[in-house]
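Here come two complexes built around subunit A, the first alongside subunit B, the second alongside subunit C.
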Partner chain A sequence: MGTTVAENQDTEARRSGPLANLLKAKEIGIFAGLVILVIFFSLSTSVFLSVDNLMNVVRQVSILGILAVGMTMVIVSGEIDLSVGSVYGMSVVAMSVLMTHGLPIWTSILAALALGATAGVVNGLLVTRLRVPALIVTLGMLNMARGVAMIINGGMVVPLIPRLIKDPALDAFIFIGRGRIMDVVPTMSIAFLLVLILGFIIYQKNILGYRMRAVGGNPEAARVSGISVTMVKIAAFAIMGFLAAFGGIINSGFLGNVQSTAGQGLELDVIAATILGGASLNGGEGTIVGTLIGVLLLGVLRNGLVLMGVSPFVQMVLIGAVLIGAVALDMRSRKK
Partner chain B sequence: MFFLSKSFFQLARFLLKAMVGVCLNAICLVSNKEEHVKKLLAVLVAVAFAASMGFAAPKTVSLNGYTFNLTTKKPKDIEIAVIYMNVTVPFAQFIKAGVDAAAKEFGVKAYMTGPTEWGTEPEIQVMENLITKKVDGISVAVLDIPGMTPIIQKALKAGIPVTCNNVDAPESGRLGFVGEDLFLAGAATAKSVVGKMGAKGNVIISSVAIGAIWSRIRQDGVMSVLDKYPNIKIVDIINAEGDEQSAYAALENSFIANKSISGHISLGGTDYLWGRLMENKKVGNASSKAPIYSSGHDLYEEKLLQIKDGWTTTAYGQNPYKQGYEAVKQLYLLLTKGTPPTVIDTGIVEVNQQNADTYLKKIKDGEPVG
Partner chain C sequence: MKDILVFNGVSKTFPGVRALEDVSFSIAKGEIHTIAGENGAGKSTLMKILSGWYPPSSGEILFKGKRISTSNPEAALSMGISTVYQELMLCENMTVVENIYLGRELSSRKGIDWKAMHRHARKLLDSFGVEISTRTLVRNLPIAQRQIVEIAKAINMKTEILILDEPTSSLTINETRVLFENLRRFRETGMSIIFISHRLDEVFEITDRISVLRDGRYLGTFAAAETTPRDIISLIAGKELLQEIVGTEKLRTGSDAEIALEVRGLARGKYFQDVSFSLRRGELLGIYGLQGAGRTELMQTLFGMYLPDAGEVFLDGKAIRLRSPREAIRKGFALIPEDRRKEGLFSNMDVKDNIAVIHDRRITVASFVQNRKILAIAREYVEKLSIKVTSPFQRVRNLSGGNQQKVIIGRSLSTSPRILIMDEPTRGIDVGAKAEIYKILRKLKGEEGKAILIVSSELEEVVAECDRVLVMFQGRVSGVLSGAQITREGVLHLAFGGSISSN
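Here is the complex of A and B:
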């Protein structure tokens, strides 16, 4: 019987102490990079380290982070999901149309979450049952979900305002997206934190997470071990779809409107942050903590460069270079 | 191709008429019976008329060095395509409403089409497909003037009349244009902000597509105003592209970096997000001690509510409904009557705190304000 990567990781972890584990963690390199960036921007600009700005950075990465938790599970399972931005858009468009047609807000939200999860399940079924590569399946879903979003509301903006939505829960819904606890902590970031905790429990403390790593690391060994590769992958895609819808819902509360183009292009940032956090495109490797670091690194970089007054075009170059550099360094350290 | 040319048809008709005339004269000379002559004359006139119709050239119209045939199709068979740069954006739906209204009014097969993403290549592909399909007329909103010019000229050479809507490409040889004057629209936003903040202070400029031609022309308009005020400093020009969170974050980061600002000028697509930023941060309201004046383009309900509440100062509408309607009408009149398309300025409508309610009511009543 083959030994899976997940089993090796767990055995190794049991043998070492917590500090040794921390220092050996694959995320240490990217974490060091994040620390260096934080120090650099703190010294370069006067406002970077202010509470206000740090809260902004945390809020800015919240939606990205929510989706990246799901993407970590998909990538670790040995797959990829390009449809997250479109599923995000389709779900919130459906939600807004239901809301404006008189359905209670919370029912509309549940329907949107169910729609997102269903899209994920469809992705998973097509990948595992028809054995079509995830790249192709989710590329197809990217187009289909966006098309459905366009069909549902005809490409218009749906403002989430009392004139169109009579449900008195509208204010509460907007607060979830836009509010600040004690006028400091963004509610959106609380939602991200909850997803992080749940993601951590599911992925790193639950049998499902172990199976995801096993399936992604060595699918054949996992199968021989009695793990249902199909079910694990479908679960990963379903969680991804659910979180895409969840992220979209939170963001629509923040913006106060819904467009059919919502989430367009988001998939690239989500995948970039996940890979930056140490998830391997070959599957089997990656952690929720690593993803959090990857997401924060992207957010800090974008925030700090603007605070420094770097031109938007130079920012694009620098962010691209950091992405390539970080992943190249990570690959090199793994080979060693 | 002389046999298919207009000159050939004119020559043939002239020769036929001449022959009929000669024959009539000959008959009159050789016959004294007036009754027979009248009958014969009637027959010959009928034959001449029929022959003349048979040789009749399709009516043509020459514009900008290109020749176009007037259509003989029934209106329901006339196909007019109106291309917008990215049909997924909400703004496109207001143009589409105008296209649909014109299609219904004139009974033609007119529709909106276009790429579902931003990019010159996708727009060229849509245009190429329409040329291959041999549609009767095309109106195109140009994303990239140099990129689209050859394909516009290709359509014109193929005998398909092409006009522009929303964004013009005047050097391409297009036959007409319907849309706002982007330069003046940009200048209007700058005047609005300067008019409120005064002749000195810091300003941020933003756009969802800083490199797009429409954005660049509006920016030129903005600069034409700001250049007159040496004490107004542009502290940042933000390219707020990507999904809404990325765009919002770009504005937010710039705002944090440049807190001592008095104005924000949107070149397109960012003024609503700016208003949301001000509202979320509870700063810059028109009624506050330190207002930040913001102006942008296009009229949406949520943006008008921001204006009403003082989070945004002004927004300028460009009547996209009319752009879609006139794009179809111009081509319909050209194809059926030979009326040359012209340049139609759909104007710049300012909405501010004083008239926001009027426009909100229009939207509530279902008017496609845009």
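Here is the complex of A and C:
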């Protein structure tokens, strides 16, 4: 076997060259798609490539991106979460009620984050303990969390203004949502960047992410290998719930108000971006970088179509087609 | 005899692989023809070409003198070439009758003619001599009966050539016998049967002729009556491997080693009752029994996957109660599961991760995964078990069955277990890999003093390799054989419900 081992190391060395790694990366296809879109919109509109517009794109995708990082973990673990839009809404409504009742802003935010994470844990417990499929559990949670949001604030719009919220930190909170660093980079996108980095560390470097891939790849084998499938899945749902609340909080700073309908329908975009990024609904496959590219692709496509004056209805048709097309291409390349 | 099927210079290349090279031979009408060869010898590729999954790169197949030119499975089916794959292809959510008539439902003026379908299906199943209700959901049938349903489905299609890929790998001896009786009956009606199996003793019982493939090349066709399993094995392997499998001198461990595991009165539900045995260090204890005898369930319970209803387990003299595989691994148990694909492999991961995934502290620093440590563990076991991989970064799904099994064994050994539980470790892997796995087992018990429990349906292996054999029958221990008592007949006697005293 001596020679084979030497050969092995040889091929390994050749394979792990940076360029080779880049080219064989699963994300290369979708990345090429993104580049093509950017070139196309740069040529067909005069505004697309301006700093202003690009920063706009980056800002527009931030909330979507924050949630998609969590969704990547859930989908890789072999599950799905349809409740993210509602958990987002329920968390910010709870936050706004606490704020307007005189609780300090930071305390209210922490409470909202905890609420989001708790909703995630409940999802995870129901899926793993009661063995109800995630599609059903999170569809139920989608309704329940939205219902709770409606019950709490009675369908009202709560403006986040100094007259209602006495905490002097309100300005700082609004800035996190709306501000621009050096008048260029949106603060919201800095938050997204932080989530990306943390997500990358947890998912791609930490044992938790390693286990998510194992559990999503083959839950039975994971169990036989002594991995607690239950804990891993609950962790994925909890992170998802936490990030849904986090995205909601940042966005309500941007909007300056909270509605009980906040985040409605967001789940579809989040899942679409994650799948575009290469995560497989069968579990086990998906990367944070891929998801980032998926999120950007969705954002660039929307922005570019708007700049070209394409009607929002036609946009919906095109985005749907892109999603199906991208997955079809991915399936074909995987078959080979 | 007239040739119904002729392979004429069939070759098939895949990117980078030459799967078949100039294969020419023929199948006669009304014969049972075995195609033998190691995994990767090209048997499956040849069968896939025949059943229309893909076209040959060159060469042709003549069916009743006419060239088969299509490459789609439906066309092959309608010509009368049916395949029963090792992994059965039934709709588990549908009933037996629905499966048998899937896509070919009978209709009358009033719509689907269920009455006629049930009547015909009933007749068909009766001819197999089994009691299967046509209204049962396939999901609720044991594997052996599912296979009968699949064969019934194939027969129901006016089949002229029936291809059976490893049909006996999940059958018990009794079920195999029933299957063989049926195959002989089909042969009488003029059907040709192509049989693929690793179990040469069975092959010789049923087959008329044997064609051997090695590394994609055709080595010849032999009449079963004029050759021996030994000759065929040396052809298949290209060297004298038989010695490794059954010929070695038995190294039966004495009874002076200390007891590593003791089980007293263990029971769980309908699966097994009152199971007691002990396992010594450096001992290989075989667990034999027919399908449904409760072997797999017993192993899973010992490994903490289920709690027993009653009974005690002692590890090194101390009573233990395992509530999860995690706990079992920590206590020094390792399980090689029965179903490699379903419970063993992470097909989304590469070789190194498949080996290292069982660890936590050994592959992390402050909970962060260290690739360097993963590689070190993987390399150690790739080398130790001679796993044939191009690199530790190779995806496991591209490995042969034997090498996949070695990856799983490597994973289990990497936790340095003291008790090794192996459920059908050689199922569906080729002769060479089997011999290697037994070599590894011998080394583990001999040099490392591991206590090994092995569940196997391969009677030859059990008889040849185990120090003692515990035989189960309908959830109970019907006897434990040791030393010279371990014979084919002795084991089978117990497996069919006999007792030691009457033996």
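Going forward, the second predicted complex is superposed on the first by the 321 of 336 C-alpha atoms of A that agree within 3 Å, B and C clash if a C-alpha of one lies under 4 Å from a C-alpha of the other, contacts with A are read in each partner's own complex, and residues count from 1 in each chain.
Rule of thumb we're sticking to: a residue touches a chain if its C-beta (ideal position, glycine included) is under 8 Å from a C-beta of that chain, and two chains touch if they have at least 3 such contacts.
Note that the structure is predicted; figures quoted are calculated from it, not measured.
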Between subunit B (first) and subunit C (second), which does A:Tyr210 come into contact with in this model arrangement: first, second, both, or neither?
-> second
Look at A:Ser225 in the shared chain and tell me whether it touches subunit B only, subunit C only, both, or neither; answer first, second, both or neither.
-> second
Return first, second, both or neither, reflecting whether A:Ala273 touches subunit B, subunit C, both chains, or no partner chain.
-> neither
Give one of first, second, both or neither to describe whether A:Gly265 is in contact with subunit B, with subunit C, with both, or with none.
-> first
Of the two partners subunit B and subunit C, indicate the one touching more residues belonging to subunit A.
-> B
Touch check for A:Asn303: first (subunit B), second (subunit C), both, or neither?
-> first
Subunit B and subunit C footprints on subunit A meet at residues none
In the complex with subunit B, residue positions of subunit A that touch it = 45, 47, 52-53, 56, 60, 63-64, 85, 146, 150, 154-157, 159, 161, 163, 178, 251, 255-257, 259-266, 269, 299, 302-303, 306-309, 312-313
Subunit A residues within the subunit C interface of the complex | 1, 4-5, 8, 11-12, 15, 201, 205-210, 213-214, 216-218, 220-228, 283-285
If you look only at subunit C, which of its residues touch subunit A in the complex?
-> 303, 305, 324-326, 328-330, 335, 337, 342-349, 353, 357-358, 360, 363-364, 367-369, 379, 383, 386, 388-393, 411
In their complex, what parts of subunit B are in touch with subunit A?
-> 87-90, 92-93, 96, 116, 210, 236-239, 242-246, 248-250, 252-254, 256-257, 272-273, 276, 280, 300-302, 305, 364
